[in-house]
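Next come two complexes, and both contain chain A; in the first it sits with chain B, in the second with chain C.
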Partner chain A sequence: MELLLDISLLSMLVATAIGIAVSRDLLAAVMLSSIYGLLSANFFVTMDAVDVAFTEASVGAGISPLLMFATLAIVGRFERYPHQRALPALLLVVLTGAMLILATLDIPAFGDPNAPAQTHVAPRFINESGTEIGIPNMVTSVLASYRGFDTFGEVTVVFAAVVGVLALLGSSLPAAGRKLPDTLLQASNHRILRIVSKILVAPIMLFALYVQFHGDYGPGGGFQAGVIFAAAIIIYTMLFGLEAAMKVINVTVLRVLAAFGVLLYGSVGLVAMLNGKNFLDYDALAADPVHGQHYGIIVIELGVGITVAAVMMLIYFAFAGRLIDRSHKS
Partner chain B sequence: MLSHLPILQVILPLLGAPACLILWRPRIAWAFSFFISALAFIISGLLLKQVWQGGEIVYALGGWEAPWGIEYRIDLLNAFLLLIVSGLSTVVLAGARQSVAREIPAEKQTLFYVAWLLCLAGQLGILATGDAFNVFVFLEISSLSTYTLISLSRQREALWAAFQYLIVGTIGATFVLIGIGLMYMMTGTLNMADLAQRLPEVADTRTVFAAYAFIIVGVCLKLALFPLHAWLPNAYTFAPSVVTAFLAATATKVAVYLLIRFSFTVFGKDFSTFDVPLHSIFIGLGLIAVFSASTVAIMQRNIKRAIAYSSVAQIGYMIIGLGLGSVLGLQATLLHLFNHALMKGALFMAMVAMMLRIGGITVDDIAGLGKRMPVTALAFVTGGLSLIGVPLTVGFVSKWYLVSAAFSQGMWLVALLVVLGSLLAVMYIWRLVEIMYFRESPEQAPRGEAPLTVLLPLLLLVLGNIYFGIDTRLPVSVTEAAASSLLVEAYQGVQVGGAK
Partner chain C sequence: MSPLEIISAVLLAIGSFLVLSGAIGLLRFPDVYSRMHAAGITDTLGAVAILLGLMFLAGWTLVLAKLIMILLFLLLTGPTASHTLGKAAWKSGLQPLTDGREPAGDSGKGAE
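Coming up: the complex of A and B.
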């Protein structure tokens, strides 16, 4: 049964990937990439990697297509230049693929209990994390504590991304008080969409908070929560216009929040250092190490969530502001 | 606090970047980032001293010992590179304010400094870490911020150059990630020291071979090794002047470091020497890089582009040293990392001064510059002489060690070609000298030196080129010890800052 599922999921993945590669219609390509994300998420679920699946569903199938749609609204739906069919490039891709296949020839079988990945560091995470960190979701334990510094780096990557977007498009960010024409929002005529989304926005936000604070117990955490929260705001903005969104959102505050999340994460590490332990050693945060671990993880996840949500909104607003600048000129 | 130095080195700029974004006013942002970079430089100096006296330093992040947690592991090799990167960042940043004010729109200047600190943190993080996956995370930070820094230029072409670099860099980073994933599959660990112990058991599998291949190609893309160098000349030419000075002096050094670390520490000398015929490939590609890039450099009208091509050639020299596979060859590479940072720092800093005063950087702009900006022109010439490898400059030291390393292995042809390559450098540098000193200035050309805040860092770099060309004790002793410990001694560390 599982084999059949795997085969059908993987063949759909291949078909979708080919569709993305050959499509001249960029809107279709973005839709397909969203489907690709959803299929991968399903595939991860069959592999029992629910946390990864959740991330893929919210990022790969959710927010990145949204941002790509915003880009398409600026650059247009169709490729302006014909495909160049470069033979050397094709050869290189084939060579890389062959190398990847070569690499799989000697790897341990999937699910092999004696594979090095299962026998070396993993046993400690499985057996000890319950007493050392004390939360049920081992993935969160590894991500937020054992390898918490990697996660700190990843939040910084997200922050670096928004620095890049602001550097390129920051001048088009919509500011409060600026007159914003809503000519580009054809969707505003769709009554059903507007009503459904109005009903959905609040539950989506609530769900984001649930994902944020329930990450210790089930799949979830700051990355997914931030993305989901931002998606709620973005959907609202798409249907009700930038001007309505700007009544509650201040881009300067968002910019400060994007930086604040990273600083919050880092400050947990600094507090640990001031208490005489190593950077990001949450044991130092409370008298009882397990409590310390718990506090530390809650605070750093919050930092992640704040930065991710602020960054996603900023990127979207920068794109949307750019679109309005354009429609002003034309 | 002294035991926290390895991590402070990286988190100061890492936390400084978001703090800088909150500060927002460009003038404060500049002073703040300079302060942070200078602190990182001081820390790297202290670290090098600690390592020199007490051996390797290990710092367990989060208190989790490796391989379960991530560790920072400072030995002579990365302590030396930390010093180069933070030092050059500080010197260039010292002279950056006016140039940034002129070349970058006011509302983007703070973002420029934020991206700079991120880039610095990313590079320092790659150098300091002892964890293979952590390398990838910090590679992403430094790459993303580098694309931002390049795209901030006023020139429209910079956008295209940044995009080109983004595509190539992303492919490179993905290849590195694939390699790390394959290694994890075969060993179950991400820690470099642990990998070094566990890889030999599985060294003859095709998976490990593929892992090495992906990592080497990925790093060589970031390194701009011929023939993967196409992104570099555009990126260096169109980036803001100070960014070019910073990147040319540091970014490729970090990539060479990764190549050395993965080849000699993680996979081990035996694997990368005997199982893969990589050394002859490296020597061959290095030589082609030297000759092809130097030839192209001779014909450029834009002198920034000419010196950018020269960077591709200089990377060739570093790779030749690596390809020799001996202690002496590796030492020549490490020396050239240091020396090349000094010479490219000086040359591109001179161009920062030129851009500031005359606003252009083509051969027509610099005609007669010897009379109009005598100090800057002289600094440029000194940097050029160092690039050629004239005695009493650092360039001579690197060439000397590289040639003697080749001779000691009986590779006299390689030695001869290295010397011939320097003749090409004479040609492209002499051409610029001729234009600066023997051609008349265009009429009404701007004259006068750049302000002292730019000139002082420039002169510091030029003096560095001469000082370390005469008193070679520091770089030579450090690189000698680092090279022999990489190739001869085992990889073991001293734990600081207790782990659980």
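Coming up: the complex of A and C.
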């Protein structure tokens, strides 16, 4: 049964990937990439990796197509230059793909108990994390505590991304008094969409908070929560306009928050060092090591959530501001 | 099988049938509006039937509450998405495919 599911999901993935490569309509390609994300999320669920599936569903199928749509709104729906079907590029891709397939022959079978991944540190995580960390969701233990250093790196990458986007696009936020272009106003005339989104924005934010603080017990955590929270604000911005969103959200505060999340994460590590343990060793945060782990994980997940949410909103606002700027120049 | 399981099995079968028929309709119908009719209506009802079937299996647990929330979310978002899609198709100038006859009671506008 699972084999059947795997085969059908994987063949749909392949079909979607080919569709993305062939399509000349960039809007369709972005839609397909969103479907690709959803399919991979399903695939991860069949592999029992629900946390990864959650991330893929919220990031791969949710926010990244949204940001790509915002990009398409700026650059246009169709490729300006015709497709170049360069033979050397195709050869290179086929060769790389063949080598990758060849390499998979050496990979141990999925779920093989003797695989290196299963014999190295995984037994310790599985056997000891219950007593060392003391939270039910082992994935969060690994992500936030055992591999806290890596996650710190990931948050820094997310922060660096927004610094890059803002450096490239500048702070082209709409100045006061500037009106939205007609096309955007038309979109905001959808009465049904506006009413339904008004009903849904608050529950989506509540759900984001649930995902944020329930990450210790079930699938979830700062990355997913941040993206979901930002999605709620972005929906509001899409339907009610940038000016309405700016009344609620101050961009300067968002920029400070994006940096604050990373800072919060790093300072947990520094506090651990000041208490005489290693960087990001949460044992040092409280008299009881397990309590220390709990505090540490909650605080760093909060840092991750704040940074991710702020970064996603900032990138969207930068794109939207650019769009308004362009429509004024033309 | 207990009665609850039988009810659940029937609902799941109905839901699966509706989703499948929606998928076939999406492939077979000729234009955007009839395809949306197939996908939107059967998908909403199909998802509702499947969720109801799962609810009967779940019993009085937290899973039931979560399923109800998913149901509410789908009931809000599904029709909204269909509506938006239809409106977008209409605004971009897609005419519904007709058999050439004018619809009864609407003699003012001819079908193109």
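As a convention for this text, the second predicted complex is superposed on the first by the 319 of 330 C-alpha atoms of A that agree within 3 Å, B and C clash if a C-alpha of one lies under 4 Å from a C-alpha of the other, contacts with A are read in each partner's own complex, and residues count from 1 in each chain.
Criterion: contacts are C-beta pairs under 8 Å (C-beta built on N, C-alpha and C of every residue); 3 or more make two chains touch, one makes a residue touch a chain.
Treat the numbers as computed from the prediction; the structure is a model and nothing was measured.
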{"item": "Room on chain A for both chain B and chain C (clash or fit)", "value": "fit"}
{"item": "Partner chain(s) touched by A:Lys277 [first = chain B, second = chain C, both, neither]", "value": "first"}
{"item": "Partner chain(s) touched by A:Phe78 [first = chain B, second = chain C, both, neither]", "value": "neither"}
{"item": "Touched partner set for A:Tyr217, first chain B, second chain C, both or neither", "value": "neither"}
{"item": "Which superposed partner A:Ile192 touches (first chain B, second chain C, both, neither)", "value": "second"}
{"item": "Chain B, chain C and vertex chain A (Cα centres) - angle in steps of 10°", "value": "150"}
{"item": "Per-residue contact with chain A, leading partner among chain C and chain B", "value": "B"}
{"item": "Touching partner for A:Leu200 - first (chain B), second (chain C), both, neither", "value": "second"}
{"item": "Chain B versus chain C - smallest C-alpha distance in the overlay, whole Å", "value": "34"}
{"item": "Residues of chain A that lie at the interface with chain B and also at the interface with chain C", "value": "none"}
{"item": "Interfacial residue positions of chain C with respect to chain A in the complex", "value": "73, 76-77, 80, 83-84, 87"}
{"item": "Residues of chain B touching chain A in the complex", "value": "4, 7, 11, 14-15, 17-19, 21-22, 59-64, 67-70, 105, 107-108, 111-112, 114-115, 118, 121, 125, 131, 133-134, 137-138, 140-141, 144-145, 147-148, 151-152, 159, 178, 182, 184-189, 198, 205-211, 213-214, 497-500"}
{"item": "Interface residues, chain A side, partner chain C - complex", "value": "190, 192-193, 196, 199-200, 203"}
{"item": "Chain B-facing residues of chain A, complex", "value": "99-100, 102-108, 115-122, 124-125, 132, 145-150, 152-154, 156-157, 159-161, 163-164, 166-168, 170-171, 255-256, 258-260, 262-263, 266, 269-270, 273, 277-283"}
